[in-house]
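Same chain, two partners: chain A is paired with chain B first, then with chain C.
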Partner chain A sequence: MSVSTNTRVGWASVTPAVLWTLVFFAVPFMAMAVASLYPKGGDGLSLANYTQFFANPAYWRALTNSLEVTAIVTVVSVLLAYPFAWILAFVVPERWQRLALMLAVLPFWTSYVVRSYSWLLVLAEKGVINTTLVNAGLLAEPVQLANTRGAAVIGFVHFFVMLLTLTIYANLKQLSPNYAKAAADLGASPFQSFIHVILPLTLPGIMVGAFLTFVLAIGDYITPQILGGNNELLMPQLIMMQIGRRGDFASASALSIILMAVVTVAYLACAKWLKIERA
Partner chain B sequence: MRALSTLYAALLYGFIFLPVAVLVLFSFQGTLFPIPPFNGPSLRWYDAVLSDARLTSGLFNSILVAVITSAIATLLGFLSAWGFTRFHLPASALLRGLITLPLTVSYLIIGMGLLIFFNWIGLPKSLIAAGIGHVVINLPLCFAIIYSQMGEHQANIERAARDLGAGELQVLTLITAPMLWPALFASFFLSMTFSWDEFVIAFLLTRFDTTLPVEIWNLLRAGLNPKTNAVGALVFGVSIILAIVFELVAFRKRPA
Partner chain C sequence: MTVRSFTRRLAGASFAALALMGLSCGPASAADLNALVWCDHSDPNLLKPFEDANGIKVNVKEFEGTGAGLAIVEQSQPGDWDVMVIDSIDVRRGVERGLFEPLADDQLPVADLFPEVKMDQFTVVDGKRYGITEKFGYNTIGFNKSKVDAKDMESLAALTDEKYKGRIAIYDYYLPVMGLAAMAIGKKTAELTEADLPAIKDVLLKMKANSKAVTDVVASQTALATGEVDILVGGGEWVTAGIAKENPDLDFSVPKEGAVLWSQSLAMFKDSQNKDMALKFIQYIMSPEGQARLATSSCYWGMPASTKAALTDEQKKTLRFAEQPDFLKRAQGYPAPSEDLDKKMQDVWTEMIQAQ
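Coming up: the complex of A and B.
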């Protein structure tokens, strides 16, 4: 077969996927970028949608809220998931590990919307926690748990603990047991061996998991909307509000692009850091 | 140390299962609110779900969109993965980067872009519009999975088939696809679960006919409601069955 027909077959096989991505991903993204430059009710090209973001404290607040919540969620999820993954990998007997892991991620399989809703059942004013505490006499009155930042954080942490347990477990299992043995031979206590040997070796994996958590959490609309409510808006809520209530696609586009820029900056910061870790 | 580990694991399992247990328990609630005290078990809310035309049509639409978009995403992912590994194409790295790019962008932003784009070209909100979005989010995933499984020994078998007179189409359908069956299955299956659970793109791009997650979202406006529990528990049950099937099929030990 000649080289030219060969290449033609190659092109024919990659073109559908490339075209699909160009037409339904790249072009829409550019359409969004263009739309963001034509403010609603304005008379033509303008950066007003971007300048208003920095001028309007409510918009700026949405970004700082998002960054705060996402940072808290990422740190808490890693701190909770790491010991859990450790126990699953090293304390649970080998033949039970697969089952233990499957159980640990079982609620992953509920739909995402339903999972947030089920936390509402737990945290509502007459929900499980308040009722239990009031009946036990520990609380005189139900306290507000739902529609708070704390509720959004709990909903997020619930999801990301499962995700991070999976990734950190995989990371721990692929470490050779020889590292810990060598450290012990050289006189390290289990604690020292963990701090100086195991933890640094698993750090790149943790960073990947943490970055994934950051990206997925900061772009999520469902959890903050259902659990956090409208008292305090995060970026995705603000974006959806521009579309839904105000029909302002231009402003929503500008906010989406700002959100994407933030994620890109985080990615660049993270990528750099990861490289240094590996070297 | 061991006692501490057990305690910690028990606490985390408790945290992970608490909301799901509450969800399922109160789906059997006998009265109007899914809050304590529990006074079931009753199946009235499951009855209510199954006789709700909006929910059942949402369920049907979700399955339809998941199956069709996953088939398209798997097919496009397979063809492109094969093309990039078996042929030397100019700008290959750039094009592969383009195909995987949507993985790094949040669903909300992909949905927003499509909403504006479809507005411009005049494509109305519909299941087709949402389906196009689902292929966009799943294609990079399918491509990455299948691309990672394309090995040199398969290329040798393909060459042998060509030497024996097989055309490219025959090589693809009779040799490559069967050899890559586990990767194709994993791609299709993962796409199905992502499409099945996807909310924000379907929310932005559909209007009257919509998918189950959007219908569930509409139910949430009514506040806490055992009917939402029941539909949530049903989705959970179906997903677990699918997960077990996946586990059995994908990780079954095959003869080497």
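Coming up: the complex of A and C.
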């Protein structure tokens, strides 16, 4: 095959992906970026939508709220998903693993909205948890679980533990058992083997899952809206608020660009672990 | 088209794309009637009699918020839509964009409307009517009368009273709730200025300190119905009437300071390909039968704009039909702020939600 044929085949292979990215990402992104520079009701080009964000503590706080919630969700999800994936990969017999994985992803089969409202009913004052605790005499009266940041975190974690479990499980299954055996031969305890050998080798899977969790959680509107009780605003809620009645797409665009910038920073921070090929 | 308007449209299209995907077939065809509506118009019990009588399919697309509705229109082709439900105070926004067709008063039962809800100051522009009020109600105090002292609910002061701390939810729409906050300090909703915002914010912050959540329409209804809260700031018949049978203790009051009158209108699109049928639809909705069905829609109940709505005695009792003259006397319209004031009001609302 000549070089020019190789080149043509190469271009033909990547063209659909490039076109897809251009049409569905680059062009809308550019349009959004330009729109963000023309404030609603303004006279022309202006950075007002961006200065408003940095000047107004209530707007700024939406970003810090988002970062706090997303960080908590990511860490808690990883801490729960890792042992779960470990059990699936090494404790559950091979023949049951497929069924166990299917059961693990069952929550994905239900509507995201329905799942969030279900959690609202579980966490409500007269919900399952409060009723059980009060009837058991552990609580004198119901406590507020729903309509809190904690409720939003629970809703997120319920969803993302499954996602992380899948990515970590896939990583664990790729690991040769010889690594652990070699570590043991060299005198490492099971704990030392895990900390110094297994965990570093599974870090790429953890980081891919954590990054996906971060990106999906920080851009999610449904869960904080339904479970958080709107007692604080996260970035997606603030963006939606600009559109609802006033149709202020310029302001919504600016906030979206800021959110994308945060995701980009997160990507750069994790880029080392997000390579497809294994080092 | 300028680069600026093109990019704005494209950005708008990006936001509206998901919403439009909900209407999987798109506005079907000129033979159908394509209606951009609030959820109360999606009730088959409302649409079927009209569809059967005219042999036509009504395709509905729901939206929330005038901004979102107008965005959908702007991303559609002219003629895609025939009729639209819109906040009465926002009819002018559609007229300014050149979207709506004038409606002839003599073809509509304008004289049957409660005089206070005709809203001609918003629905009539340059002597031409562009919208007709079809349904109204109050953003006021919704409450569970078995849990709170109904006498307390006769004053907006109860909403900031420590007595009800942690038992209150606030309806998540800044215009009516800020209207209530304004009334609580003796301001008129029609005369609000930027100078009033600090005092209104103080009231909002007190309400927030007393509240458990700031809830959207569904969550508001759920919170009251499940007993999560006992009081809904901004609630009214639209929350309590539809679930009155299952929850007879849910009620609403119109406090001595007043309540905010909400009102929705029907408008016809200028570019509609089916204007005769669009007019028939509006006439049907405004007929005694249509008004009764709309007022008791499964999504939410509200007062019919027409005094001649064919409601049963029980339905009238639930909606407190007989008390309307007194309620209307005390009610004030939605705040209808300028673009600039609207933005500032929304920012105050944002600060209230973010306050801890």
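Odds and ends about this structure:
What we mean here is this: the second predicted complex is superposed on the first by the 244 of 279 C-alpha atoms of A that agree within 3 Å, B and C clash if a C-alpha of one lies under 4 Å from a C-alpha of the other, contacts with A are read in each partner's own complex, and residues count from 1 in each chain.
Simple rule for what comes next: a residue touches a chain if its C-beta (ideal position, glycine included) is under 8 Å from a C-beta of that chain, and two chains touch if they have at least 3 such contacts.
For clarity, every value in this text was computed on a predicted model and none was experimentally measured.
After overlaying the two complexes on the shared chain, residue contacts for A:V18 are found with chain B alone; chain C is out of touch. Of the two partner chains placed by the overlay, only chain C lies in contact with A:R246; chain B stays clear of it.
Once chain A of one complex is fitted onto chain A of the other, the partner contacts of A:L233 are limited to chain C, with no touch recorded for chain B.
By the touch criterion defined above, A:T51 lies against neither chain B nor chain C after alignment on the C-alpha atoms of chain A. Using the contact criterion defined above for the overlaid structures, shared-chain residue A:L121 touches chain B and also reaches chain C. In the superposition on chain A, A:Q174 contacts neither chain B nor chain C. Once the two complexes are overlaid on the shared chain, A:K40 sits against chain C while remaining clear of chain B. In the superposed model, A:M32 makes contact with both chain B and chain C.
For chain A, the partner touching the most residues, choosing from chain B and chain C, is B.
In the superposition on chain A, contact is made by A:L80 with chain B only, not with chain C.
Comparing the two complexes, residues 27-28, 31-32, 35, 117, 120-121, 124, 126, 226, 243, 249, 252-253 of chain A contact chain B in one case and chain C in the other.
For chain C in complex with chain A, the residues that touch the partner chain are 3-4, 6-8, 10-15, 64-68, 70-71, 166, 172-175, 212-216, 219, 222, 226-228, 339-340, 342-343, 346-347, 350-351, 353-354, 356. For chain B in complex with chain A, the residues that touch the partner chain are 2, 5, 8-9, 12-13, 15-20, 22-23, 26, 33-36, 76-77, 79-80, 82-84, 86-89, 95, 98-99, 101-102, 104-110, 112-117, 119-120, 132-133, 135-136, 139-140, 143, 162, 168, 196-197, 199-200, 204, 212-213, 216-217, 220, 224, 228-229, 231-232, 235-236, 239-240, 242-243, 247. On chain A, the positions that touch chain B within their shared complex are 1, 6-7, 9-14, 16-18, 20-22, 24-29, 31-32, 35, 80, 83-84, 87-88, 91-92, 102-104, 106-107, 109-115, 117-122, 124, 126-128, 131-132, 158, 161-162, 215-216, 218-222, 226, 236, 239-240, 243, 249, 252-253, 256, 259-260, 263, 267. The part of chain A that touches chain C in the complex is made up of residues 27-28, 30-32, 34-36, 38, 40-41, 56-59, 61-62, 65, 117, 120-121, 124-126, 144, 146-147, 225-226, 229-233, 238, 241, 243-250, 252-253.
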